[in-house]
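Two complexes follow with subunit A in common, the first pairing it with subunit B and the second with subunit C.
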Partner chain A sequence: MSQGNQSETKPAGSGGFGTVADSSLSRRERYRRVLDLWVVAPFRVVWNDVRARIGTALVLGFVTVGVVGPALVAEPRVGQAPLLVGPFRGGIVGGSWYEVTNASLFGLSVPWLAFHWPLGTDNVGRGILEQVVHATPRMLTMVATAGLFVTLLGTTVGALAGYTGGRLDQLLSTAVDIVLTLPGLPLLLILVALLEPESPVVLGIVLSLQGWAGMARAIRSQVLTIRSTSYVEASRAMGLSTPAIVAKEIVPNIMPFVMINMVNAMRNVIFASVGLYFLGLLPFSEVVNWGVMLQLAYSNGGLLTLDAAHWLLVPMVSIILLSMGLILFAQGMDRVFNPRVRARHAETTANGGDEPAESSPRTASLGGDL
Partner chain B sequence: MYGYFVKRTLQAAFTAFFVMSLSFVLVRLMPGNPADQLRGQLIRNNPSLSQQEINRRVANYINIDYSRPLHEQYLTYVSGILQGDLGQSVSQNAPVSEILGEALPWTVFAFSVAILLMFAVGISLGALMAYKEGSRFDVSTTGLGIVLNSTPNYVTALLFLYVFGFTLGWFPTSGHISSSIVPIVDPLRPVATAQFVASAVYHASLLIATVVITGFGGVALAMRGNSIQVLGEDYLRVARLRGLSDTRIALRYVARNAILPMYTGLLLAFGAIVGGSAILEQVFTYPGLGYYIVAAVEARDYPLMMGGFVLITLGVVVGAFIADVTYGLVDPRVSTGGDAS
Partner chain C sequence: MTDRTFVTSTTNVPKDMQFNPYGQQYPDRAALALFENLIYVNEATSEFMPGVLESWDIGEESVTLSVREGFHWHSGEAVTAEDVAFKLKLEIHDGAALGNVVSPDDVSVADETTVEVGLKRAVADEVFLYSLKPIALDTPPEEFREFLDAYEADGKAPGLTEKTLEEPNGTGPFAFVHARNQELVAERFEDHPDAEHVNFARFKWNYLQSNQKQWQALRTDTVDGLDNIFTPDNIAQSYGDHVREIQMPANWGMGIMFNHDHEHYGQQNVKRAVQYVIDRKKLARTAGEKMHVPVEVPCGLPGNFDGSYEDWLGDSLSSFDAYETDTDRAASLLREAGFSKDGGTWTDADGKTLSFPFKIPAGWNDWTAGGQSIVQDLQDFGIEASLNPSQSFWGDINDGQKYVVAGLGWADGKLYPYFSLNKLLNSFRSQTVLNFPSTVEVPPLGEPDGELRSVDLEAELQELAGLTGDAAKQKTQELAWVVNRHLPMAPLMEKIDQSWVTTDDWNTVTGDDEDAIVDYPQYYLPREGKLTAKPE
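What follows is the complex of A and B.
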């Protein structure tokens, strides 16, 4: 079968004309179509959208820093450098914050750039770049935990309430309404004082304890509308099992909401953790969060003198870039999942489902700026 | 309509009840048993006190007498809150209700002005963006909105404080009003009153600016989305075909239908932002509700913490209730009690 399908990728479709019936699809071909629908076409949409491209690049950049960074950058230690060195000491060009040296690679001597506190140091001689980089893995763990937690709980509760209806729905909806009404930060302040969480996983869960409710509500109303659409009723009449209906008809439709709410939860947990560390209400022994840097910089007069301004600005910029990356990424994903947007760019994505996307023409309209 | 009202009232009452129970549970869960801590403190400070007197004072502070059965403790706690008795603050050495009562008007004042301004700016900008959809103005404003939305408000607050407070010295960096001003609101003394109001606005201006700057982007984007959706509706085409004037279409058809969904958002924003006020008030040293909650957490002053939490939550519950009930009045679709979305 795969031989016939190979020829189908040609736009003219000369050879395997009779092999398009679903029943004759080989397993491999089916996988390829799934891959196409879920990986290739979304990737193309993302790549053609400026915002999504920036967002994806930022998020991937932070993930890279979090994974590789700590191995490349020295661990921040007290007294590892002169105190309160400014960023890019000696100027951007020809400064003394970098030097060209030789490093030995497999016995060969190659030119190498060595950096000395490129972003300056704090008042006890720890490099600012080193601190930002070494705090990143914990921040990312926390953010990922929060996203996972909120998504799992929110989707489960929302889908359950929307799909079952009746008394269970009423119960769950009341719970959701109550959780939504609780004021976030005061409750967090008290919970944090109670639990004093230090592990990023626990912190991520505690700080997103409220986030699932908004998601559950969005998912519930979305499931309610999808439930009563004709195609879902048709699959039910055909005798498809509930899991099959949920997996095939419902989940793809709620993915945009899941993405957006997940990213919102992630952003909120960044803001909340940084804010609580900044207020000095979360326990820390070393620099584990950009909020700790903000707090230290602020309490050591980062606002009052220009000497320490970089100490305050670097974590600020990191926070803004990460949350901006997440937001832009989610908007790009909206483009991938949203049926309306897909319809508008039907040439790429719709074809991606019906025949191999390689044969479909690239649409220029995807690079739209909206 | 009636059924919806009843349902909503019951829900608000239940939420309030839930919050009070939650705060009771939280006080009891507090590490190191606040009552024992206090008792130790009292015995150390005045060894001459009788055991009964100490118990009475501890109960007065915490609002809970730990020696009595659980359900009795709970009833005393809830009835105390309902009567406005939130216990005695340990760190400030004053009744919690008094401290919070003094702080509340400042928070309400600063944040109401800020939120109204934020919505005014956001809504007009969003409408303009929708009207010029796809133009350079729309694209750049959307970009700006996203950037502002990804900046935590305390970051903006710190920058403002640094630039306008410390470096340029244009605005005060702490407090409600200047120390030389008498806080007075008296129609018979208009000059003093005007001075007081002016000083209060001046001191709150950086905080207000921060909320507006970080918040209007989100409002504008929401308004833009709503407006674009309304612009695509059939009734708008009908209105145009009927030859209605542009102003009438813009105000009666587009603006009204685009703003309606944001109405509850406005009232809920009060809750969310007042709840989130803690960090901003801390940065600007603006002694409002959030400021005292943070101070209480730092000092492990449990009565003040719980008092602030209960007060803010009840405020939010009432706000959400008013929002939902009045929303039913302005938008008849909701009053059926069905899913509004």
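What follows is the complex of A and C.
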């Protein structure tokens, strides 16, 4: 950024445009900077932003539940407990939903807390917590599949069309238009009826089959705009390779966009799957989705009596929390992908660069440079 | 006399209702108030009660039916024996069960109030009367004459199912007033012979399509009663004390139907294995303990709610396979049939897995709960079943047979065993929906390894229809044995229907009164003066 000044003080190498590093970095220093800029700084960004912190905590929390939960919590089974037990039976403190016992750990007896259907049970005697936890891995797999599918396809097609232009752009844009004009819900209903998908991966893809097109269309426009900005033209004029331009100039600018689209795709697939299970359009062999829980709770009068309200509320809260976590996470990621914000939080950039990290007027003028 | 309206619910859109009993939009339940049945029956005791027919005399070769005087069509004309004979002929031509024992030409009018019916062969009283039971006087001759004429001319009556009526001309204690999008209204009909017992002015049906809406309506007192609706305990308990439940045996319940055209589920061993795997006690508990009893011996006979099937089986009871849950037995049956367990799942010799979506009608809460128990049992055993509550259930099952294994009622809703046996072994359904063969081979009763005998199901069921006493018992046991061995369906549970009447504005009886066990209390009890409005 400030190479201009220095090049004047140095003897020109080969031709006026040649640049020479003002100092050489040791390999270790280089790694430290990379680590700082790409790992530590994002972490700091996240830590300093409330939304990002909550979002990340929620998403990580769900991932943890999804990964280790099923191993810790008993599998939900018909008839494993009395029917329609309320949550925290007997009161939150002193209730019969938990029990202090001893467990044997490597031959040692250690105090242990045993839970008995802490969130209550449903009308066939399955624990609600148990169901929510055991449905989580499948929910996450489905959500992640959908997110990946939409993002990969949407970004690739959009960026390719926007950046290359010409015939390829026309071709890809036509394809995107066609996918966009397909009637979504009927198509979905037909596909679901035909495939009767039970695997969360297949379900994730089927439910987001149209989502990528909107994203591709948006990314294409974004890339078109960025492509003709002066700094990208300059990079090109300087002879930077296309991958380098894409990585350094284009991606950071479209990342917030990609993130929010990805998260939206994920949320859509949560709602779509919940909706389809709720309507009873998808087959299920066990409680594989919070939508199944909602459907069963609703159809058994979860709205009518307090006895069954927890059965409806728990999956609902799970859906809201996951959806909210994803959104907050995406918003936080906005800042992580913003090079300015990241640079501000990276120690190495602050030291090595010429701007003090804390000075806000400086940052503002920096914005002008970009 | 009060100006009260008894408000109840209907799951049919009132405006789309068609009061042509041969069409698709006939509202069975509402029709019970608008039309008079020929006879009524107490579902717990199979005791028959008069309706349009005052009395009946069933002989070896003919039956004499006496029409009760005082009935009128809502248009004003008196109901005569002629009307009854007309209806019987139309029913027989249309394929009603009565046609198995009566030919339409043998229905004749003896005098103003007497119909003579010639029998094709001797028939048990219960078989004849149960065949009459579903028939209501709902086809005014002036509207339906052309169809009977067509039937009599060449055996066909095209257009009968599509026939529409501007307004129903009924015979029941309530006459049609109007049908709108959300409500059907009928008013007290003064010329009904039991009108003196009815002291309220109107009957009104609100369109409440789902169970949730009906529960909600009863909770909020926007209806005065519901004819028959499964209600989970927690919801029943949330109703006030003024809501009275009347339980009535349905003589009906969930079974598993197999598509016998399927390479796996047409096999006797596979069907028997499925029956062995499912824990019926747990199933009944899961589906709702109060409303479901497990089938004790899967032999096609109803009566598990009071054990009355045991009387029919008599000493042979112990010879029947009770299919107590036994996964080892199921496993050996499957191995015998060439299946092997591979990675926890049963596969056939070609490596195809035993798997199916278990299709049930969407919105049937008790079946959805029970279905989860069934699917869990099957999965634990190694059959990859999944639960599929389907919106298009009836179309899939009846029209296209787009199913492999599904849940369906196994019994016929009547306590007398002939009907359920006939439904399982010889009906239209068993032949064209289950694709069950018309001839089967069975070992002698109680000797599973004995020499096989070939049973022509149609002939034997016709024979059973005509038998009484010990002969009927003997034949019932033989055919129940066929069901027990071949399982055209796997009988699992028997249901208790739940009917609801509120008592804050209404005087009514409890389930102990034998008239309360007639389908359904809110329709039958007013005729007997046992459901009356309290003074306003």
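Assume the second predicted complex is superposed on the first by the 307 of 370 C-alpha atoms of A that agree within 3 Å, B and C clash if a C-alpha of one lies under 4 Å from a C-alpha of the other, contacts with A are read in each partner's own complex, and residues count from 1 in each chain.
Note that contacts are C-beta pairs under 8 Å (C-beta built on N, C-alpha and C of every residue); 3 or more make two chains touch, one makes a residue touch a chain.
Source: prediction; values computed, not measured.
**Student:** Touching A:Gly280, do we find subunit B (first), subunit C (second), both, or neither?
**Tutor:** both
**Student:** Check whether A:Asn300 is in contact with subunit B, with subunit C, with both or with neither, and answer first, second, both or neither.
**Tutor:** Touch status of A:Asn300: second partner only.
**Student:** Tell me which partner A:Ala308 touches in the superposition: subunit B (first), subunit C (second), both or neither.
**Tutor:** second
**Student:** Examine A:Pro183 and indicate which partner it touches, taking first as subunit B and second as subunit C; both and neither are also allowed.
**Tutor:** It touches subunit B, and subunit C stays clear.
**Student:** Looking only at contacts as defined up top, I'd like to know whether subunit B or subunit C touches more of subunit A.
**Tutor:** Partner touching more subunit A residues in the overlay: B.
**Student:** Could you say whether A:Val124 touches subunit B, subunit C, both of them, or neither, answering first, second, both or neither?
**Tutor:** After superposition on chain A, A:Val124 lies in contact with subunit C alone.
**Student:** Looking at A:Val78 after the superposition, I want to know if it touches subunit B, subunit C, both of them or none. Which is it: first, second, both, neither?
**Tutor:** Only subunit C is touched by A:Val78; subunit B is not.
**Student:** Where on subunit A do the contacts with subunit B and the contacts with subunit C coincide?
**Tutor:** Shared contact residues on subunit A (touching subunit B in one complex, subunit C in the other): 279-281, 298, 303-304.
**Student:** Going by the contact rule set out above, which residues of subunit A touch subunit C in the complex?
**Tutor:** Answer in residue numbers: 77-79, 83-84, 123-125, 196, 198, 279-281, 283-286, 296, 298-301, 303-305, 307-308.
**Student:** Touching residues of subunit B toward subunit A in the complex: what are they?
**Tutor:** Of all residues in subunit B, those touching subunit A are 11, 14-15, 18-19, 22, 26, 29-31, 133-134, 138-139, 142, 146-147, 149-152, 154-155, 158-159, 161-162, 166, 271-272, 274-279, 282, 290, 293-294, 297-298, 300, 305-306, 308-309, 312-313, 316-317, 320, 339, 341.
**Student:** Which of the residues in subunit C come into contact with subunit A in the complex?
**Tutor:** Per the touch definition, subunit C meets subunit A at residues 210-212, 215-216, 219, 232-235, 237-238, 282, 285-286, 357, 362-363, 365, 368-369, 372-373, 375-376, 379, 384-391.
**Student:** Any idea which subunit A residues touch subunit B in the complex?
**Tutor:** 51, 174, 177-178, 181-187, 189-190, 192-194, 221, 224, 267, 270-271, 274-275, 278-281, 294, 298, 303-304, 309, 312, 316, 319-320, 323-324, 326-328, 369-370
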